[in-house]
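Below are two complexes that have chain A in common, paired first with chain B and then with chain C.
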Partner chain A sequence: MMLARRAQLERLFELAREGGRALIGPTVRDGAIVFAEIERVEQLPIGWRDVQSPGKYRLERRSDDAAFGHVVGPNSAKELFFAPSETLYRAERRPDGKLGFTAHKPPPTAKALIGVRACDLAAMRVQDRVFERSQFRDPQYGARRADTVVIGVHCTEPGSLCFCSSMGTGPRVTEGADLALAERGDELLVDALSPRGEALLAQLEATEASASDHAWLDAAMDASRARMGTAVDVRDLHERLYANLDHPRFAEVASRCLSCSSCTSVCPTCFCSNAVERSDLDGAASSRVREWDSCFTREHSTLHGHAVREQTSERYRQWITHKFGAWVAQFDSSGCTGCGRCIAWCPAQIDVREELAALTNNDRRTPLPSARSCDASQDETLVPRVAEVVSVARESGDVVTLRLRAEGFESFAPGQFSQLSLPAIGEAPISISGRDGAEVEHTIRAVGALTDALCKLEPGEQLGVRGPYGRGWPLDELAGGPVVVVAGGIGLAPLREALRRMIADPARFTDLRLFYGARTPDDLLYAREMLGWVDRPGFRLYATVDRASATWRGHVGVVTRLLKRETVGDRARAIICGPETMMRFTVDALARAGVPHDRVWVTMERHMKCATGLCGRCQLGPYFVCKDGPVFRFDEVASLFGRQGI
Partner chain B sequence: MAVDPSTLDAMPFLRRLAADARAELAAIATLEEHSAGAVLFREGDAPGAVFLVLEGRVTLTMRVGQREASVLSLGADELVGWSSLLARRRVATALISQRSRLLRIEASPLLELCERDARVGYAVMAQAFEDVSDRLVDTRMQLLDLYGKGASR
Partner chain C sequence: MNAKPRLGVFKLASCDGCQLTLLGCEDALLALAERVEIAHFPEASSRTDAHGTFDVALVEGSVSAPFQLDELRSIRARSKRLVTIGACATAGGVQALRNGRDVREFIETVYASPEYISTLDASTPVSAHVAVDYELRGCPIDKQQLLEVITALLVGRRPEIRDESVCLECKRKGIVCVLVKRDEPCLGPVTHGGCDALCPTFDRGCYGCFGPKERAPTSALAARFARDGMVPVELVRRFRGITGGAEAFRTESDRHE
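On to the complex of A and B.
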């Protein structure tokens, strides 16, 4: 550690801005301390402190002229790397109707950050984990984040809402920065934490710090920690929260929470985003724009016109169980860094520390899956490839199968899905219902703007496609024993290619039964193809409909009734796709027939935007349906399955 | 013509009955075979027999305006016409939709037997209760129109 005059900040500013770097640091703006581009030392909040309490934030003059005598304001470094709004790509439709997609690259702007607190450095590490070290890597984030110089500041005076010591992230800057500063009157104690930090430090006028300087800093950090106390008991917090999903406190906090999203918008780690289409005025081009989003909005969880989390209590539960619970399983760390922003900026004065204590006021624990390691990330620009419609087959009144010529599906596994898009209209997850060489099939039901438009496409027309994504059916695990396939409605689509492959391999699939329920006989998908399967060795088909005219000679009634009539056998393994209610009853019927939960696989559906684990939309407890699913072994999701508002 | 009591073994719920009780039931049952298209009874008919399906398929249909809608098909081991046990008029038409073998038991001797021999009474009512309960759940699911628009995949 070195000791320098505080005046050396001038030199540090110069060094940090070398090569045209934008310097971003705390400064006073509109009655708050914000993180913004600054050029001169005088722009730091010299002589200001931010006084915070639940729902309150105000600036106050200090009796000294400390430059870092404040804590954190409403914004953080997050917006510098994960932009609040950014174009992902532009889509153009040429006069001949052909499409083109062009990735948007953020302008390369090298940055230097000064005055970053330990909690915010921890937040940067959390976001790095989300965007750079998960299965899919976000190149836009990477481009903004790369080559950033970071100068941290130890917190000798924590704010009254700070609880970084509980979360294990502060008050001392120990990693994630090039330099760490402590301000002591008109002196600075400076530590280099990286080779770049050492190079910077070498250019400052500084002397070796003495043992008493070290002791001073240690004591200051201890005092800072002592002032914060233990506000949050983090031991097994994720498991304690998941054991209390039905805690009455959720209803109580919901009576105060306004579902306003303030907490998530000030949070330095929240990463949920939306993606929307923006058309140019002439309609020939459009952009896909990603925007910050919040789990407190209704749209966040909308599925087929209903919100999965309709109630505020369900949204609050999603937020707190994700931040302090699911995050651990997803990213191997808490999503909270203890910065206290969500408390200061909550208009309802809700204090998350109090809520956590109230929600876990018992000894219950529910284990969560352990964090998934991710050895190899792949870049994911979220830019579609161009695909062309080869043929269109009408399956029923509102369902068509599009056969597409599209690249990139060579390694597709049955059960995976694509993101299909049309410029200016939107993008949606659609299962891959078949593959034949370079041609892939998608069976689509017209239920809204995009699916309507997709169903109207004609041969020769183009669309955007991304994927394949997600985890498919465990065909290898199914081989060798009796297999029961249960499909409901359009749920047959993600099963069709799996069925084709199993039927084509009677040596491994000697006893295969398909139970298929649809609304009416006219809604039975792939009827002609299924008739061709019927006399294949080892295959039996049972189809039923909810309603029919009296001329229909097939089964009428729900699919579980068919299942009950058959001897399934306890050696069977089952794969199911259909509405959640149908799957729930099917799993029960299978359990009664002796098929345990760990031999049943289901597909889950949630609102999806990115399909790559980057937008946070499709969460289901500790999972992302897009990349951990959509196929789950039932025991993985049993405790969440069918539960309202999860 | 009464049936051989061993015929009743085909029905899991009757297998649990003591041999003498099964014989009593067999004595009032007859075996019938019908080809597709035959009608066992029609909606609105006076109460009559109860049927147990040994093989085949019976579809229940109801009149909706001018057309006949199929609401449920029943197969092996299932009970058709339980409303006669409550001395109610037929609530649906029972149409043979696939060649079927059935046990026919007239409701009045069956109810008498149930009164007289509580073992038979319990077995028959328990089975009827289970069937009705399953059908209630199934009907709810059909009503929810799970595969309709606005419903999840």
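On to the complex of A and C.
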């Protein structure tokens, strides 16, 4: 550690801004200390402090001229790297009908940050983990984040809302910065934490710090910890929260919560986003725009027009159990860094520390799955590729199968899905119902503007496609024993390619039984193809309809009525796709027929936008349905399955 | 190519400000005129077609007088899509402040010759009388949202207008919360966004002109205002503004009366 005069900040500013870097640091603006671009040392909040309490923030004059004598303000480095609103790509329909998708790249702007607290450095690490070290890497975030110089500040004067010492992220800057500063009157104690930091420090006028300087900093950090506000008991917090999903406190806090999204917006780690189509008036071109979103909006969880989380209590539960619970299973750390922003900027004055204590006022614990390591991130621009319709098969009144010529499906596994899109209309997840070389099939029901338009496509026309995404059916685990396949309605689509492969491999799949239920005989998908399977030895088809026609001679009634010990066989493994209610009854019927939960796989559905685990919308407890699913072994999701508002 | 879709712009009880938003689209209005036939828009042109049929009808204003009810039903019958624009058409407007009061007394107090006034007891939103395909909020409406609704209807998709709080717009813009930093009684947390946080951008509290958002726990916000010292009479006024006729704001306002 080195000792310098505080006047060396002038030199540090020069060095940080070298080569045209934008310097971003704390400054007084609009009645708060915000994090914004500054050029001169005088723009630091010299002589200011912030006094914070739940839902209140005030600036006050200090009795000294400290430059870093404040805590964290309303914004953070998040907005610099994860833009509040940004264009992902432009989509256009050219005069000849061909489509084009052009990625929008953020302009490279090198940045230097100064005055970043340990809590916010931790937040940057948390977001780096989400956007750069998950299964998919976000290039927009990466472009903004790369090559950032970071000058941290040890936090000597925490506020009453701070709890970084509880979360283990502060007050001392120990990683994630090039330099760490401590302000002591007109002196600075400076530590280099990286080679770049060493190089910066070498250009300052500084002398080696003494043992008493080290002791002063240690004492200052101890004093800082002692001055923090209410502590949070973080031991097994994620497991204690997940054991209390039905806690009456959720309804109570919902009576005070405004569901306004302020907490998630000011949170330096919250990463949920929405993606919307901004089309030009002529309808020929559009921009795909990504914007900050929040689990407190209704739209965040909307699936087929209905919100999974309609009640404020369900949204509050999603937020707090994700931030302090599921996050651990997803990213191997808490999503909270103890910065206190969600308390200060809550218009309803809710203190998350009180809520955590109230929600975990018992000894219950529910284990969560451990975080999946991810060694090989792949870049995901979210920009569609152009695909062409080869042929169109009408399966029933409102269901069509599109056969597409599309690149990039070499690694496809049955059960995976694609994101299909049309310029100016939008994008939706559609399961892949078959693959044959460079041609892939998608079976689509017309239920909205996009699926209507997709169903009207003709051979030769183009569309956008991303994928394949997600985890498919565990064919290798199914091989060797009897396999039961249960499908409801269009739920047969994501099972079809799995069925084809099992039928084509009678050596490994000797006993295959398909139970298929549809509304009417006309709604049975792939009827001709299924008739071809019936002759295959070891294959049995049990089809049923809700409403029979005059010529129907098969079963009538729900598909679960066909699942009996004699039709299923207790050694079977089962894969299911259909509406959640149908799957729930199916799982129960299978259990009665002797097939336990750990030999059953289901496919889950939640609101998906990005399909890569980066938009946060399709969460199901500790999972992202898009990348951890959509296929789950039932015991993985059993505790969440069918539960209201999860 | 088919004929262009026909657009009609109508007004009931209103100040014309929302129609002015359409006029104020300037260049975009010219682009719009390329895509649609603006068949009836008295605010913009004396060449009108009040009795024709329309692919899209934009209706401004509330139903405040008996003749407006007949006119509205006629518009609905002749329009494939009916979009209401603005606080009057979607919540009854500022004129809904008379609802539940003695209208006759108002008329006699205000007008020199009250016998010429023909009015309904209440000012009501269009959706109280006919089916509405889409509601566009605001006093006045936002130009970008208007263009988005028209564009989406032309393309055949759902408009990308999100029912979320003004807070999210503030936060995306980097506006420092006026309620937190100085107890300014801002309705943003319970108000439908779409204005791009216009008032907070100018360091003022939101007064709710876009009406309540989908989940508008007004009592939790009123409780905050009360903790900051707001007296009941002021709470009544705060929620009884331009969109005071909207249910969430009306019940909150009534609760403090």
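Here are some notes:
Here is the rule we go by: the second predicted complex is superposed on the first by the 636 of 646 C-alpha atoms of A that agree within 3 Å, B and C clash if a C-alpha of one lies under 4 Å from a C-alpha of the other, contacts with A are read in each partner's own complex, and residues count from 1 in each chain.
Here, contacts are C-beta pairs under 8 Å (C-beta built on N, C-alpha and C of every residue); 3 or more make two chains touch, one makes a residue touch a chain.
This structure is a prediction, so every number in the text was calculated from the model and none was measured.
Under the clash rule set out above, the superposition-derived model of chain A with chain B and chain C shows the two partners fitting side by side. Looking at the shared chain after the overlay, A:Gly426 reaches chain C, while chain B stays out of its contact range. Residue contacts after overlaying the shared chain place A:Gly517 against chain B, while chain C stays out of touching range. Applying the stated contact rule after C-alpha superposition, one finds that A:Gly55 touches chain C and leaves chain B untouched. Aligning the two complexes via chain A yields an angle of 90° at the C-alpha centre of chain A, spanning the centres of chain B and chain C, rounded to a multiple of 10. Of the two partner chains, chain B is the only one touched by A:Phe585; chain C is not. Looking at the shared chain after the overlay, A:Gly491 reaches chain B, while chain C stays out of its contact range. When the two complexes are overlaid, the chain among chain B and chain C that reaches more residues of chain A is C.
In the superposition on chain A, contact of A:Asp30 is made with chain C only, not with chain B. Once chain A of one complex is fitted onto chain A of the other, the partner contacts of A:Ser301 are absent, as it touches neither chain B nor chain C. In the composite built from the two structures, the nearest CA pair linking chain B and chain C is 16 Å apart. Looking at chain A, you'll find no residue that touches chain B in one structure and chain C in the other. On the chain B side of its complex with chain A, the touching residues are 36, 57, 59-61, 67-73, 75-78, 95, 97-98, 134, 137-138, 141-142, 144-153.
Touching chain B in their complex are the following residues of chain A: 303-306, 398, 447, 488-491, 517-519, 523, 544, 546-550, 552-558, 560-561, 564-565, 577-582, 585, 605. Here chain A touches chain C in the complex through residues 29-32, 34, 55-58, 74-75, 79, 84-85, 255-262, 265-266, 274, 276-283, 291-294, 297-299, 312, 344-345, 347-349, 424-426, 448-450, 452-453, going by the rule given at the top.
Partner chain A is touched in their complex by these residues of chain C: 28, 31-32, 34-35, 147-148, 150-152, 154-158, 160, 162-165, 167-168, 171-177, 179-183, 186, 188-190, 203, 214-215, 217, 220-221, 223-224, 227.
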